[in-house]
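The structure is given below, and queries will be raised subsequently.
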Amino acid sequence: MSTDASPTPAVDGASAVPGTPDPALLEELVAANRILSDHGVLDAYGHISARDPVSSRHYWISRSMAPALVGAADIIACDLDNNPVRPGETRLFFERVIHGEIYQARPDVMAVLHNHSPSLIPFCNSDTRLRPMVGSAAFLGEGAPVFDIRTVDDEGDLNICNVAQAKGMAQALGQHGLVLLRGHGAVAVGDSIRQVVRRAIIAESNAKQQMQAALLGPVHFLTESEIEYAKRQKPKDPDRAWRLWKQRAIGGNV
Amino acid sequence: MSTDASPTPAVDGASAVPGTPDPALLEELVAANRILSDHGVLDAYGHISARDPVSSRHYWISRSMAPALVGAADIIACDLDNNPVRPGETRLFFERVIHGEIYQARPDVMAVLHNHSPSLIPFCNSDTRLRPMVGSAAFLGEGAPVFDIRTVDDEGDLNICNVAQAKGMAQALGQHGLVLLRGHGAVAVGDSIRQVVRRAIIAESNAKQQMQAALLGPVHFLTESEIEYAKRQKPKDPDRAWRLWKQRAIGGNV
Amino acid sequence: MSTDASPTPAVDGASAVPGTPDPALLEELVAANRILSDHGVLDAYGHISARDPVSSRHYWISRSMAPALVGAADIIACDLDNNPVRPGETRLFFERVIHGEIYQARPDVMAVLHNHSPSLIPFCNSDTRLRPMVGSAAFLGEGAPVFDIRTVDDEGDLNICNVAQAKGMAQALGQHGLVLLRGHGAVAVGDSIRQVVRRAIIAESNAKQQMQAALLGPVHFLTESEIEYAKRQKPKDPDRAWRLWKQRAIGGNV
Amino acid sequence: MSTDASPTPAVDGASAVPGTPDPALLEELVAANRILSDHGVLDAYGHISARDPVSSRHYWISRSMAPALVGAADIIACDLDNNPVRPGETRLFFERVIHGEIYQARPDVMAVLHNHSPSLIPFCNSDTRLRPMVGSAAFLGEGAPVFDIRTVDDEGDLNICNVAQAKGMAQALGQHGLVLLRGHGAVAVGDSIRQVVRRAIIAESNAKQQMQAALLGPVHFLTESEIEYAKRQKPKDPDRAWRLWKQRAIGGNV
């Protein structure tokens, strides 16, 4: 990853550099930024990206700005070393290394979100694991892993700024759908923009409900059999929620 | 219940097939969908139905869509085997079997709601029962029952998709006004659309208050005498809340 | 108190029957209804009244309706036996006996509110008393009293519908500013409409903060000396909050 | 500090009396008032000030009013003895002594906020200290100090009204970024208006998350090394949040 001051054009033998961006993909990413802001899953910080559907070694992400304000013209392409394709780009998220490293480690992943969802923070700083309360949260499995940056280095920075830290985070993520970051936030992944948006919104509500349930005594989570079943299933009507969320966040007919 | 792909017209000897829908009933169902969405009792998922007032073996429910977006034209009739009256309907809720089985088991029930109300989920996954904090929640009785789908089958699916599962749920509901579904949500019933809406909104606030009360030490719930008294009474002015809720959800004069 | 169906005109030798209502008083009561609704301290139920400033044996209250929808034309006069001054009024709150009994028992009280403020309900059903966290809540004293209607009768009705119940409630209130009602809600009193609105809003936030504080361990409340000091003081700028709340609830310049 | 009734013009040999106010500074203060109100960090009470960038012995603050309603014309200059520069000003915050004493004790401080942020109150009345959950809250250090006004006098007033009380508070603040006030609220300081706004918003969310985390068992806070690292760093893009918050609070392009 080059520094923000002197970005280097991507040189990538394995796949073509993306040319004209796909308007539908950009619109989907804009909607994702707005929906996640509307749900309070993103605030002024955090970022969502999508792997280019043709050139698998590139991804699309907004310039450094508040997600609620992102428009299609703010979205740029980076290679998997997190260098912008177009020379001269400077307003870049310094934690974008999260995205490149996950796309390298997880060929199945088509979208990545880094955020600081309010109800997830308590689980980042606890020995109690975030576990699924309902079927739609089954992607949390036996409990979301927590990445402790001190396993990579102990300089005191909690942000994921370099390749070693991002590799450590990707290793903690493993084959899970979401990894919590101690003292920091979370990273969610999915096979599409819509899946990662859905996972982030469900993780937030599940976390809140799990904390409330702790007030009532021991909590019964999904069984192993229920987790396995849900993972095998496709959601029956995944676009139903997307349409509602998009209308609420953006308005108009969708 | 036929599959979504090839619906079968209802053949129902016991009652007439509903012809032209009653505009007032449809308007009431639309309002219920909007009010429950406005209160956060319904989100993108869940559904409310009303038994046909003339043809007791039919009920009205929206096509599969987010409740907040439902209009009168989206509401269709099904028989108590959950087959749509009009041939060719395909966009149906796969969990509509909940409605037909309850209307069969409970002749007194005129409206059914299935939802995933956020403050109810902790009680779905706890040994602590949801109990009435105030008189308007007396329909919760000595505690809402919890249906565990594993009492029917243990394949790992938490959704209520077939007749056996729905019969199990209806049995757990018994003569109660609301049944919780482990790892899933809730089903509320009533003698009218307005009563079921009222019950769902009160259940949500009661659940939140019961969890908060647990922070303060032992909780004193309604006494048996108070529960019995409240069940015998009609609410003094049930339409007062409905008018307010409808104005907030839809606007205009009501 | 006559029944709703056949109201009796007030015959009150001790003070003149109020004639033309004071427009400023009505406007203040309308604002109070809107402000309390806007804060979630009132929902579809509950009512606020003001003693007539000239005829001390009469009070003003809206007809039975959702507080958020009250306008000046909806406000009527009742005597302290809770009979409407104008013959033929029928849409009356059945719990208005609360108001008359308090005005009789507490000559200092100029405004009365009955509500079901969400964060107060847990304290209605707990042995933990609601106590002041900050100076503005000092009116809660050493802890708000809780009225248990079973001390009057044990028929199972939690509502305050007759004089005996209201007298019991007024006795529990004593010289306090607020009394909680077991399994029901609260009644707040004050020397003006603005004071009772202020107390109800502060009671709600104080209750929420006290429950949260319980999560952190033992809670330190105001000392006896601080409670006494605050009771002796007038609020420095009581209209500052009123102006803000009114603008938010009603809009326009205030 | 003169009384509100007879303000005295400032006589300050050490620095020039500010003449024409800086429009950019006033706009920044107006935005801060609106943003903090929009976040619920300020309600009808509380106040934010900024030290004059040229005349270090003067600061700017609104007249006594709800922060949400403040405009540029409502902002006046005071000297560090809290006397208004312009003779005849009477609508002043009686707790403005907080500002003058901090500017005297802390030459590094350029902005001061006094508020009653809802999630901070529980920590004001607890032995559990408010500690950083995430890197952006590292300014809370090993735990925010709590000022108990009884260490100065025990007359029962919780407000900070005189120099002795304000000096006690400033001593408790020490070199911290925020001090809690027992039974009252908080005071936050910063090297700019934007930093103090940022700290107040983060303190509120951190407090809420710390209370929720307590539900899950022992809480892991930032390590000493992480606190020290964060204190050495400048935030990477501090204006990103400001732009978003300002647009939400005020609207228009920012």
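To keep things simple, chains are lettered A, B, C and D as they appear, and every chain counts its residues starting from 1.
Everything that follows uses one rule, which is that contacts are C-beta pairs under 8 Å (C-beta built on N, C-alpha and C of every residue); 3 or more make two chains touch, one makes a residue touch a chain.
Please read these numbers as outputs of a predicted model, since none were measured by experiment.
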Interface residue identity across copies chain A, chain D - same or different by half: different
Chain whose average C-alpha position is farthest from chain A's own: C
Turning angle required so that chain A lies on chain B, C-alpha fit (0 to 180°, nearest 5): 90
Length of the line joining the C-alpha centres of chain C and chain D, rounded to whole Å: 35
For chain A paired with chain C, centre-to-centre distance based on mean C-alpha positions, whole Å: 49
Residue numbers of chain D (touch at least two other chains): 215
Chains grouped in pairs wherever the two touch, ordered by label: A-B, A-D, B-C, C-D
Footprint of chain C on chain D - complex, ascending: 43-45, 64-66, 68-69, 94, 116, 118-119, 121-128, 150, 154-159, 182-185, 211, 214-215
Touching residues (chain side chain C, partner chain D) in the complex: 132-135, 205, 208-210, 212-213, 215-223, 225-230, 233, 236-237, 240-241, 243-245, 247
